Amino acid sequence: MTPRLASALVNGLLIGLTAVTLFPLLWMLSVSFMPAGAASTLPPPLFPETPTLANYRELFVRAGMVRWLMNSLLLAAAVTLCSLAFNTMAGYAFAKLKFAGRERLFRTLIGALVIPGQVAMMPLFLLLKQMGLVNTYGGVIVPAMAGIFGIYLVRQYARTIPDELLEAARVDGAGEFRIFLSVVVPLLRPVLASLAVFTFLACWNDFMWPLIVLTDEDLQTLPVALASLSREHVQDNEMMMAGSVVTVLPVLVLFLALQKHYIQGLLLGSVKG
Amino acid sequence: MTRRLLLGALLILLSACAPSPGDRQTIRFWVMGREGEVIEQLLPEFERRNPDIRVRVQQLPWTAAHEKLLTAFAGDTLPDLCQLGNTWLPEFAALNALADLGTRVATSRVVVAEDYFPGIWETNVIDGRLHGIPWYVDTRLLFYRSDLLKKAGFETPPRSWGEWEQALAAIQKAVGPTRYAILLPLNEFEPLLALGLQQDDPLLREEGRRGGFSSPGFRRALDFYARMFHNGWAPALGGAQISNVWTEFGRGYFSFYISGPWNIGEFKRRLPLERQGDWMTAPLPGPAGPGASIAGGSSLVIFRSSRHPEAAWRLVEYLSEPAVQIRFHEMTGNLPPRRTAWQDEQLAGDVYAKAFRDQLERVRPTPKVPEWERIVNEMQLAAEQVVRGGMDVEQATRALDRRVDAILEKRRWMLARGKRG
Amino acid sequence: MRLPAAAWAFVAPALLVVGVFFLLPVVAGLGLSLTDFDIYALAAFSNLRFVGFENYVRMLQTPLFWQALANTLYFVVVGVPLSIGASLGAALLLHSRLARFKPFFRTALFAPVVTTLVAVAVIWRYLFHTRYGVVNYALDQIGVDPVDWLGDPHWAMPTIILLAIWKNFGYNMVIFLASLQAIPEDLYEAARIDGASWFRQTVHITLPLLGPTLLMVGILTTAGYFQLFAEPYVMTQGGPLRSTVSVLYFMYEEGFKWWNFGAASAVAILLFGLIFAVTWLLIHLSKREVNP
């Protein structure tokens, strides 16, 4: 095979693959601007003949999309902030602070990582019911305020912090919490960015738990509301695509903006430690 | 510092969902499916008459309504009042979640028990207590293509199973192998349930302690049901596989269809003009002469957990007023449960509604056990196995009874312990 | 000793959350699976009975559970190799020295990973619509009869598998890409001097060196695919003929539709056992592969 042909083949395959990958997303965007019923014709139109914002208007004005968007933003932001704080503190301590039983404790946590969350779901529901947190934002936020994976991620990264740096700060008489804030956190910034993007996306995209714990329509997140809308409005193709755009666009934009951190976090998390 | 800020933010978040106090009382009303879309139009009048009450409606999709309600019960987040399918009433009554409406009805000038169809009213009485007020009735009967029936040589719709089978066979012969005499979507349990309710044998034995599906009666019904498929009269399809029932009915893909009142409006709206004279409704044929059908429908219930039962009851009364029920019927096609409302000109003059009026005097309730929703799902799975999986009726009903007995095990234990009334 | 005290203060909040909201419920889940906790028990605690292993025994006698298990295994056995294959193929293409605009392609191919599953499941439902879907239209153009993708029991699961591959291949692709970049270039250099073709280089150098990554990716993907839920919930509601009910979907119905928490916990634990066993098997087999 000549190099020229090989190059054409490789790039041709890449272009084809990318086209197939992006097609559903582009199609979603295009259909979302079509007037009601326009997509259900043959041949299926690829571009709106008379572009309209009616579907978005319908969703935001009548269906309560604003509320769901705010819920999703609020929950994802709250979970990200809380878990970032808790996981960072714990991850750092597991990496750098010595205390009795540290290794065993950490091994136990890592061992628990293999347990799928569903085993905990039923008792967790009962627990949150006792605490009065079912059908409140707290029902989603509180159980997600810390996670083993996040602790692990931070610990992996924090191990690269030189001990001398911490010792020097201690000699200067700084308290542990002060050292954490002024020395450790700045050094951890890259992993924190990764963890933040990761957590935010995971929380935004989460479906099963919000579906279970948030029954009130006013508290629902975008994916749950979208799933429920799409069951009711099976025929309203175009409106559902607009709903999908609103659900997907924020995370896509966030990913494009912070792509580097996301990929780093992904790689850091999947390399065996 | 950061941490304190975070905790503060968290507390604000957690408290954001607490209800804020106000002068007016707000009642939460959960409504299902299409009803949820139109109910908003009826409420301004109510809020005008009751300026101290504000109604917040939440629409539940039918497919998720049952799980949503149970989740709300489990999470102590039930609304003040709710539309409830009357087959679900026993379940929520057993959970002690429903308010007893007996005394309210006794003093009400709007809700008059005698004015309601007795078969429907009865579904709301569980262990002697009234738990719901019928909102609309729903039963299943025959929709048919009168022109195709005539072409096959029948002037009137069948009244008994025997006549029905003759008609089905004749139509099938006339329309050929690419079309069918009847449509019975395999994911809908209602047709078979109606046939089962026509039998003298009860669907559950020993006061709902065990399954009664292997009784000769139910076997006869299942056999009749399965024969329609095996004879090639009905296609073995689920609902999702028929893209549009109305178009297909118009095209003559099938001639008989067992369905409910909402389809009167749908067929009027969706069938082309030249087809409008070609369809009609008829009461469901029984084993020998006109048969019974399901006493279905939705009731309005008030949950015991409601903090505004008085306001909720005012809304129930308002929605039960014959005039409001007629408006509701005009908007949804749902049939009113009160005889007074049926005297309305439009409803009384509707030729398609006539069969329903007739059928409503012959409806039977489904067994009042909390596990019914699950049992009826199992029943349809068994029917699907007979139709599609080639299992024989005797085998399938025996297996079904085994499963039903297992589902009812807890109920038997609780009854034996005497914890329930 | 001020250091240990500080250390405990650092780990305490996270440990508390993980302990109370994860580890404790897991242990409670084991206990719950030995009871007949249901909606009656939720209404009054006195309606709760200890039933030993009855939930498990009954589950293994329930045809629908076996069907859910078979559906899930189908999804895993077909979906995981295809997924990983797609990831590997895309990674090899991207890694090729001939590829251009690499950052663009990488981002584009990765995009589905970050999208919301529910939203893309909704898109998929319309793309694969029997009458108006683009897929059937395209098939029609090349003379293939329309397929009832989500209505036919034989096609519903393949449609869901296609969605899963599309949605997930970018994730493993990035991991493979990182591993590929870690392979020293001089190995290829030597092979090229020996006149080895691209194909032989791939088989004899690339794939063996990717071994550990492949194992890890295989394990993580398998564990993830066993937890199929949102796709059938949004696209088919478990149908047609229950052909897309997964074990997790079954657990959801048992637990949060019928509120049989005891039985649902038993299903969750059976699923956990299954994932654990398969993971162990994968590690074991790969060890034997390396040192026979």
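Each chain gets a letter, A, B and C, in the order it is written, and its residues are counted from 1.
By definition in this document, a contact is a pair of C-beta atoms (placed from the backbone, for glycine too) under 8 Å apart; a residue touches a chain by one contact, two chains touch by 3 or more.
Just so we're clear, the structure is a prediction, and the values are computed from it rather than from any experiment.
Undergrad: Most remote chain relative to chain A, going by C-alpha centroids?
TA: Here the answer is chain B, farthest from chain A.
Undergrad: Which pairing of chains gives the most C-beta pairs in contact?
TA: So the chains sharing the most C-beta contacts are A-C.
Undergrad: Roughly how far is chain A from chain C, going centre to centre by Cα mean, in whole Å?
TA: Chain centroid spacing, chain A to chain C, equals 17 Å.
Undergrad: Suppose each chain is reduced to the average of its Cα coordinates; what separation in Å results between chain B and chain C?
TA: It comes to 38 Å between the two C-alpha centres.
Undergrad: What whole-number Å value describes the gap between the mean CA coordinates of chain A and chain B?
TA: Chain A and chain B have C-alpha centres separated by 40 Å.
Undergrad: Can you tell me which residues of chain C touch two or more of the remaining chains?
TA: Answer for chain C, listing residues that touch two or more other chains: 131, 237, 256.
Undergrad: Hunt down the residues of chain A that sit against at least two other chains at once, touch-wise.
TA: Residues 85, 212, 231 of chain A touch two or more partner chains.
Undergrad: Identify all positions of chain B at which a residue touches two or more other chains, and write them in rising order.
TA: Correct list: 63, 71, 74.
Undergrad: Hey, which residues of chain A end up touching chain B in the complex?
TA: Touching chain B: residues 74, 78, 81-82, 85, 125, 129, 132, 134-138, 141, 181, 212-213, 215-217, 219, 228, 231-232 of chain A.
Undergrad: Can you check the complex and tell me which residues of chain B touch chain C?
TA: Listed in rising order, the residues of chain B that touch chain C are 63, 66-67, 70-71, 73-74, 91, 94-97, 187, 238, 240-241, 243, 370, 374, 381, 384, 388, 406, 410, 413-414, 419.
Undergrad: State the interface residues of chain C toward chain A in the complex, per the touch definition above.
TA: Checking each residue of chain C against chain A gives 2-4, 6-11, 13-18, 20-26, 28-30, 32, 37, 90, 93-94, 96, 98-100, 105, 107-112, 114-120, 122-127, 131-134, 137, 166, 170-171, 174-175, 178, 198, 212, 216-217, 220, 223, 226-227, 229-230, 233-234, 237, 248, 251-252, 255-256, 261, 264-265, 268-269, 271-272, 275-276, 279.
Undergrad: Going by the contact rule set out above, which residues of chain C touch chain B in the complex?
TA: By the definition above, chain C touches chain B via 36, 38-40, 42-44, 46-47, 49, 58, 64, 130-131, 148, 150-152, 237, 239-242, 256-259.
Undergrad: Would you pull the chain A residues touching chain C in the complex into a rising list?
TA: Result: residues 3, 6-7, 10-11, 13-14, 17-18, 20-22, 24-25, 27-28, 31, 39-44, 85-87, 89-90, 92-94, 97-100, 102, 105, 109, 112, 114-124, 126-127, 142-143, 145-148, 151, 175-177, 180, 201, 204-205, 207-208, 212, 222-224, 226-227, 230-231, 237, 240-241, 243-244, 247-248, 251-252, 254-256, 259, 262-263, 266-267, 270, 272 of chain A touch chain C.
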